[in-house]
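What follows is one structure encoded as structure tokens, with my remarks underneath.
Chain nomenclature is as follows: A, B, C and D, assigned in order of appearance, with residue numbering initiated at 1 for each chain independently.
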Amino acid sequence: MTARRIAKVLVANRGEIAVRVIRACREQGFASVAVFSEADREALHVQMADEAYLIGPPPASESYLAIDKLVAVAKKAGADAVHPGYGFLAENAAFAEACVAAGLTFVGPPPAAIRAMGDKTAARRIARDLKVPMVPGTVEPVASDAAARQAAREVGYPLMVKAALGGGGKGMRLVRQEAELDAALRMARNEAAAAFGDGGVYIERYLPEPRHIEVQVLADAHGHVVHLGERECSIQRRHQKLVEESPSPFVDAPMRARMGDAACRLAQAGGYVNAGTVEFLVDADRNFYFLEMNTRLQVEHPVTEMVTGIDLVREQLRIAAGEPLGYAQADVGWRGAAIECRINAEDPFNGWLPSPGTITGLRAATGPWVRDDSGVYEGYTVPRFYDTLLAKLIVWGADRAAAIDRMARALAEYKVVGVRTTIPALIRIVKHPDFCAGRLSTGFLDRIMPALRAAEGRRRSVAVIAAVLAEYERLGRRTIVAPPAPTSDAWRWSHPRGWRRA
Amino acid sequence: MTARRIAKVLVANRGEIAVRVIRACREQGFASVAVFSEADREALHVQMADEAYLIGPPPASESYLAIDKLVAVAKKAGADAVHPGYGFLAENAAFAEACVAAGLTFVGPPPAAIRAMGDKTAARRIARDLKVPMVPGTVEPVASDAAARQAAREVGYPLMVKAALGGGGKGMRLVRQEAELDAALRMARNEAAAAFGDGGVYIERYLPEPRHIEVQVLADAHGHVVHLGERECSIQRRHQKLVEESPSPFVDAPMRARMGDAACRLAQAGGYVNAGTVEFLVDADRNFYFLEMNTRLQVEHPVTEMVTGIDLVREQLRIAAGEPLGYAQADVGWRGAAIECRINAEDPFNGWLPSPGTITGLRAATGPWVRDDSGVYEGYTVPRFYDTLLAKLIVWGADRAAAIDRMARALAEYKVVGVRTTIPALIRIVKHPDFCAGRLSTGFLDRIMPALRAAEGRRRSVAVIAAVLAEYERLGRRTIVAPPAPTSDAWRWSHPRGWRRA
Amino acid sequence: MKFVATVGGQPETVEVTGEGGRYRLTLGGEVWEVDARLTAQGIYSLLIDDVSHVADVTDQDGACVVDVGDETYVIQVEEETRHIIRTKGGAAGGHAHQTLAAPLPGKITHVAVKAGDTVEAGDTLLVIEAMKMENELRAGGPGTVAEVRVQAGQTVNAGDVLIVID
Amino acid sequence: MKFVATVGGQPETVEVTGEGGRYRLTLGGEVWEVDARLTAQGIYSLLIDDVSHVADVTDQDGACVVDVGDETYVIQVEEETRHIIRTKGGAAGGHAHQTLAAPLPGKITHVAVKAGDTVEAGDTLLVIEAMKMENELRAGGPGTVAEVRVQAGQTVNAGDVLIVID
């Protein structure tokens, strides 16, 4: 195929990933075009891009998911390429087609490959044909609740209901018995439709406490495919990843080679081009089962970048421009260990309830081998319309132990005031003996959740002193004393413990 | 020698390097003890340490240079080791001796090695004996102004007057003719005495536009010495480094091996233990001349860390504890290229005049392969008593071109409001064709200084709009209009252009 | 000045004197000399007996959420007099327990109960969609639904009373 | 509202209307529609014709120092009326030129001139030590020293008049 000139890139996303892509564009000398909803005028990606266009009201369906508006802005701005980031339209073949039809280079796989691999059910059919092992379940979306009940009986309970499109844990529900199936289907379809514009779901057998290990692949338009090793993403809440690392403490060189080979074969079979990720579930006996392929950049791509030294967004843009990879599997090297922690605006002490609001104080962790991929800043108001990810904290260490020590240090430095975040939970996770020993599973967090409750710790007196002094100083500055908020007791009622049972 | 237990480390420093050492302690599970002057209660290192002790009034001579106070605090706090950082007492043999005498492990070379190598004139005698080439000049401090004049005539003008102790460019003056000698001696002695508690200076021939290239060495207490390659530090102002990088674009593998060998031989001859740096001047024909050895951690150590993956402060603490290096020269590998830019509170458009004050707005650069080693935070007031370094911005790239592109991106992101900083100059430096081509010399900055003046750039209208809107909004909020400050015109008088001639 | 700080249902009296960064507090019978600086919005640097602490204080529905080290506390601070008044007139407080207020702004996607229903701890009351997540709000204890003030599809603000339970 | 913005000695009139983030400015005969947000103390996000700019505005001795992209400008902004008054009474302004004020707090370590001395551009007037650096303050133009208000060893604050020159 012929090289396509890229000089100006529209970033069809928001938050930290839009910032990530804009940075890559700037470093390569490409102009960047941001888009923003009415809720995002003050978002960081708007400030960092060279140009920024308002595309509609806050709801994603009227802005970040509005294909026509995005293509129109790209043409108006004179962009020659579109990077979708992750989420939103990143795995929407119709969007990729609309870009191509408008003469824009889509920074991602060809529409056919998105259809083949991005649709989880189609991908399962390819894996079946390639004899790549996979989790038992339907290879088609379930047509109706009745059909779902029928399929569920064949697969057997407990089982997972999953969105056919999308990823990132949205549109996923665990169903332990048939009585829960209808509610699970409804919520999964709602979330899937809201997040990806498609409510299709399929059914898969539930594996108890599996490890979630995925392989990063890069494929150019000239038939070269390499893998960059694995990421372990077993620490999850609400079926969403919270902590990721590379390499996996569970994977040795031969297993890495086997998984990498399976991933590359799947990519090739799907006619895949650009960066993609093949997800596997791994059981205690090191058997791996193909789960799905994400036809986009992953949230957790930085851990692979830190150990390989390869800039994945730069590679995405190079591949989209028609450049060959320029290196073979043997040229890919790994150094040390990297861990990523997701800092979300959620209250870990209140069932991960989202916590929108204004970030009144912010001091990010910095220093040696600490990377902060953030989409926020002090004074920024986290809108209630989009997901809760504020920033990704990534560290590198000469080995896994050094990386864990560094992450514990960095998390303790990271100060976010004004909204609740996952940081307190993350600190407990990286200090947990099971985590340090590499004993991970997707059930890990549910197991240690009780320990997350605010403890009667040794710093209790210090906390009381800080709280009292804050009030004392506040009274010193103000004549009127704020009445105790009437809703404070309602918190007791609003613990959505359901997530723990879900 | 026997292993010494380290569990609690007193950090006898302030600012970013104190923060750097405290982070290393935390990552290794050591408790950290900070010290602070009355001007530093709100400094970042006080907040980050486990314990913090007030040691005296703002002037360094009564606090950070007060050996007795520091040793007393170390004993009171129950510290078993002392890390001096750089500057202040880092190269003061009497301090190292006082620590050892008090039963404290000094994280640095033995006092004898500090005397042998830290004293520039003594080091020059060792280099002479080892037949390591060096710059012509005195091998003893000059006893008097008369003796200085005499020595100067022998060395010949132009020449450099340099502090026998210390480093970091303080206590250095270029002298073009004898008429300037007395003033240069006075200022150099004043600065040296203030910075290092010793006013001794020596005289060295001035090499026109040399490159400044230094080699990092690590020596353990068991006789093992390795070098971690070179750093090029040719971009300087006021004889102080502003931009450093590793590897040097001027050094190839054979030259690296030759310089590394010379550096290791010097370290061994001086009985050196711990981390140290051997500085060379390099002429256009790739001849290198020994300049001095810094018997401490360098400000610019991070660029070596980023390309080798070796944590130098961690190694310092391991070596101080008596551990063997555990690796040989052949095990040291280099990957990619790293650049460091120093962000100082100075006004590059006004002769690098120091700019103390309150940082009212701060947004540090972050993201892929960007490291911010900072000692400040938003709301922090930069005191007028200490040096101007606020933070070090370090980036890594797969090659030098990628690192330069990344640094340009990061510098553009880095926002400091309230004090003037070196950032605008740094942006021009990394975008300059000579820098990008690796055409570096210590005269580089003087050459491009005229281009540093605020230009009639294409963003002039945007700047005017921002300034007018700031005033417009300010008037909207306030009834009284501030009178134009009467001293504003005085700026025209206060350009210390002298630094450009110095 | 006297305050009552309530942590985990346990009230304790705290007396404070001092200003300008240097304070003396009495709590738990002990006297604490504290050097405290607000280094950024809500971020306090505390020096107590030469030990350095950084505490983040966030106001959350009138309570202080304090993060210090890896520990988090929810602390209600009131002037002592106000505390006495509030706890004397306990009835009002009792009723406050019976309301489910929206913990965050969002859209009600499902209401699982109607007036007259009896609920047990853990029963789903309703589902509120916010930040691309469906959040189930469940009963923390048993009771009878007295009033349902919202319906599916409705958008609510943080603090809006959604359901009243007797 | 009308202002005069002076950049590099060049004054230009700027008219502003609008509020709440949306403004219309007239300068250089052109009309600019600007969406401006103060996203942090002194850090402005400007959208002008869909082009995004971030401008840092620092007050420095009554002048605005503006960093935008890799360019830095020192801009004096005054209400138009005030500008007219100031420039009419030019004498005072003229005298202001004749004072050397301390550009930063520090210690005078050396005074090189005395009353009556004539100085040329570039002559050292005095040396001020601050932040571990000896900073030479030199004459920007020729003149005669009328007054020396400081002596070596003395500590000065930013803005203190050090030397007056006729």
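Everything that follows uses one rule, which is that contacts are C-beta pairs under 8 Å (C-beta built on N, C-alpha and C of every residue); 3 or more make two chains touch, one makes a residue touch a chain.
Only a predicted model underlies this, so the values are computations on that prediction, with no experimental measurement involved.
Chemist: Common contacts of chain B and chain D?
Modeler: Both-contact set = A.
Chemist: Is the number of contacting C-beta pairs greater for B-C or for A-C?
Modeler: A-C
Chemist: Which whole number of Å gives the spacing of the CA centres of chain A and chain B?
Modeler: Centres of chain A and chain B (C-alpha means) sit 40 Å apart.
Chemist: I'd like the Å distance between the centres of chain C and chain D, where a centre is the mean of that chain's Cα atoms.
Modeler: Computed value for the inter-centroid distance: 49 Å.
Chemist: Please work out the Cα centroid separation of chain A and chain C, and write it as a whole number of Å.
Modeler: 30
Chemist: Please output the residue numbers of chain C that touch at least 2 other chains, ranges allowed.
Modeler: 40, 54
Chemist: If a residue has to touch 2 or more other chains to count, which residues of chain B qualify?
Modeler: Only 48, 363, 377-378, 412 qualify.
Chemist: For chain C, which residues count as touching chain A in their complex?
Modeler: Listed in rising order, the residues of chain C that touch chain A are 1, 3, 5, 7-8, 12, 14, 16, 19, 23, 25, 27-28, 30, 32, 34, 36, 38, 40-44, 46, 48, 53-58, 60-79, 82, 86, 93, 96-97, 99-101, 103-106, 109, 122, 124-125, 127, 129-141, 159, 161.
Chemist: Considering the complex alone, what residue numbers of chain C touch chain B?
Modeler: Those in contact with chain B are residues 21, 35, 37, 39-40, 45, 47, 50-52, 54.
Chemist: If you look only at chain B, which of its residues touch chain D in the complex?
Modeler: 170, 187, 190-191, 194-195, 238, 345, 349-351, 353-356, 360-361, 363, 378, 384-388, 412, 415-420, 423-424, 427-428, 431, 454-473, 475-476, 481-499
Chemist: Residues of chain A touching chain D in their complex?
Modeler: 34, 41-42, 46-53, 77, 377-380
Chemist: Using the touch definition from the top, list the residues of chain B that touch chain A in their complex.
Modeler: Touching chain A: residues 19-20, 23-24, 26-29, 48, 302, 305, 309-311, 313, 335-336, 363-364, 366-374, 377-378, 398, 402, 405-406, 408-409, 412-413 of chain B.
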